[in-house]
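Each in structure tokens, the structures are laid out below.
Two complexes follow with chain A in common, the first pairing it with chain B and the second with chain C.
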Partner chain A sequence: MSSLDFSPRAYVESTIIMTTVRVVSPFVFTFGLFVMFHGAESAGGGFQGGAIVASSIIMLAFAFGIEPTREWLDDDFVRVVIGGGASTFALIGLGALAFGGPFLNYSAYGISHGVKYGIELVELGIGAIVAGVIVSLFMNLAAGFSDEETEGDEA
Partner chain B sequence: MTPLEYLVSGLVLAGVFFGFVAVVGIIRLPDLYTRAHATSKSDTLGTVLSLGGVVLLFGADVAAVKTALLLLFMFITNPTAAHAITRAAYEQGIEPWTADDGGGD
Partner chain C sequence: MTDVQLTLFALLLAFVIFAALAAAFLRDILSAIIAFAGFSFGIALVYVLLRAPDVALTEAAVGAGVTTVLFLLTIVRTVRPGGDRLFERIKWGPAAVATVLVGVLLTTVSSLPRIGDPNSPVATSEVTRYYLENAYPQTDVENVVTAVLAAYRGFDTLGEAAVVLAAGIAVLVVLRKEVYV
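Right, the complex of A and B next:
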């Protein structure tokens, strides 16, 4: 927890922000998934949904402090989410090749509504990538730079 | 026009008015705290009034329920966001504007 020391004042929680985030963040997370699953047939998609899911995590970090959130959601888990999203996309795309169709041609799977399920799984993969990357970018920015790192590093 | 249309127009016009008040506030007021004060209140009210008009226009429909939920979350999140911004500014040590700072331009 020594990385908290760089800030001039220690973080003090606000009851108003904590209560609001506690009420709102599950809805935001659900809405992000809703947007992701809607990518197949109406407005929405993995990119927007992933950004909304990531914003629910960032909201938690704002309300409860960044270091506690980093401990709760460790970097390895975020890496697994990003990698899992990418491999879902790749597996669905290459799976179509295995069934004898072109890359990402869902109808090659030969199951009913295969196109819809295929698009939804790919959107979910994209959403996982986007959410994971946004959360890790935020966490990296929030960590700041220590003096040793920035010294002599001026480009 | 039907009475419902009068009601909806009134609500949307009132919403536009409060949105305009928020814009005037953000341009004319001197510092972050007074600007947050102007926008968080009148912007929330403006949005909520406009969305209220939209809910009435949709009638008994799924879209009306979705808009009402949007309205509810606007009511919760908008003031909290303003609170978070001003709180962060205060913790960074930004002094509130006082009359001693002069009338400005």
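Right, the complex of A and C next:
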């Protein structure tokens, strides 16, 4: 690699970035949840909210380094989030069958405003899938940047 | 649209086309990725002006945000090409194919309805009328887009979620294999 290239050890500790991210990321995370839940009343929904939640995690990884973020946010936990989101969606659909309605017919549950709650839960499930997939894509693409990998490349 | 909005719209479209051309022709991949992020952001603003906030949010979050980060992570592993040229050399074969394709697509533009046309098929369709009238009473949800996505077309959305899940699992399996071998 020439000297101009981005080194694999691209992480540089920066007080400005760390402080900014520490302040901003909780708000971004909350905004993501807001977009997920509030998709029923205004623009938004699970896909958009999930992407915003994932970007708050990616922000943390940029500021504090990818390895510390991976230690803080276990890969298995992210996998559970993805699976949980998918099964929430599918189980809500199947639950309607159990209550004697057609698949995914939320009104079959017989709760007042059941359709609305069903939609919110489904949006949350979609958000979990999207956020989890994006975060683990990021973590796995960034996985080679540890020191052993660099030495392996140079050898 | 008012005159101000039209001017803004024209400026935005010019910016989007400029950013798209920059992304295509810049030789340095990092610059191309940044131009592409600019393109996505411009397109998101275009969607806002066209009153499609749901699509705009997705474009801004996924197009301008997440894909840019994933692209950046990927090019860290590549080597910058030598030479000081700012732009790619134009390959005339692909350029001709792209020009013909753009020409063919442009011929369809005249048959599209005007923006905000009250007689456009979408505005007068029975389906649109049904959803606008019944979405709130039937689903308690004020955003008709969400009502259609999660309730009326819930099964389709389940399929979409399954596609995201399957694609994610497939990519992760491939990536992990590469890392641990």
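Everything that follows uses one rule, which is that the second predicted complex is superposed on the first by the 133 of 155 C-alpha atoms of A that agree within 3 Å, B and C clash if a C-alpha of one lies under 4 Å from a C-alpha of the other, contacts with A are read in each partner's own complex, and residues count from 1 in each chain.
By our rule, a residue touches a chain if its C-beta (ideal position, glycine included) is under 8 Å from a C-beta of that chain, and two chains touch if they have at least 3 such contacts.
All values reported here derive from a predicted model rather than from experimental measurement.
Participant: When the two structures are laid over each other on chain A, do chain B and chain C clash or fit?
Facilitator: They fit side by side.
Participant: Examine A:T20 and indicate which partner it touches, taking first as chain B and second as chain C; both and neither are also allowed.
Facilitator: A:T20 sits against chain B, while chain C stays out of touch.
Participant: After the superposition on A, what does A:E123 contact: first (chain B), second (chain C), both or neither?
Facilitator: The answer is second: A:E123 touches chain C but not chain B.
Participant: Decide which partner touches more residues of chain A, taking chain B and chain C as the two options.
Facilitator: Residues of chain A touched, chain B against chain C: more for C.
Participant: Looking at chain B versus chain C in the superposed three-chain picture, what is their shortest Cα distance in Å?
Facilitator: The answer for the closest chain B-chain C C-alpha pair is 8 Å.
Participant: Which parts of chain A are in contact with chain B and also with chain C?
Facilitator: none
Participant: For chain C, which residues count as touching chain A in their complex?
Facilitator: Result: residues 53-54, 56-58, 61-62, 65-66, 69-70, 73-77, 79-80, 138-143, 145-147, 149-151, 154-155, 157-158, 161-162, 164-165, 167-168, 171-172, 175-176, 179 of chain C touch chain A.
Participant: Mind pulling up the chain B residues that touch chain A in the complex?
Facilitator: Against chain A, the touching part of chain B is residues 73, 76-77, 80, 83-84, 87, 91.
Participant: Which of the residues in chain A come into contact with chain B in the complex?
Facilitator: 9, 12, 14, 16-17, 20, 23-24, 27, 62
Participant: Would you tell me which residues of chain A are touching chain C in their complex?
Facilitator: Touching chain C: residues 1-2, 4-6, 8, 10, 35, 39-45, 47-48, 51-52, 54-55, 58, 82, 85-86, 89-90, 93, 103-104, 106, 113, 115-116, 118-119, 122-123, 125-126, 129-130, 132-134, 136-138, 140-145 of chain A.
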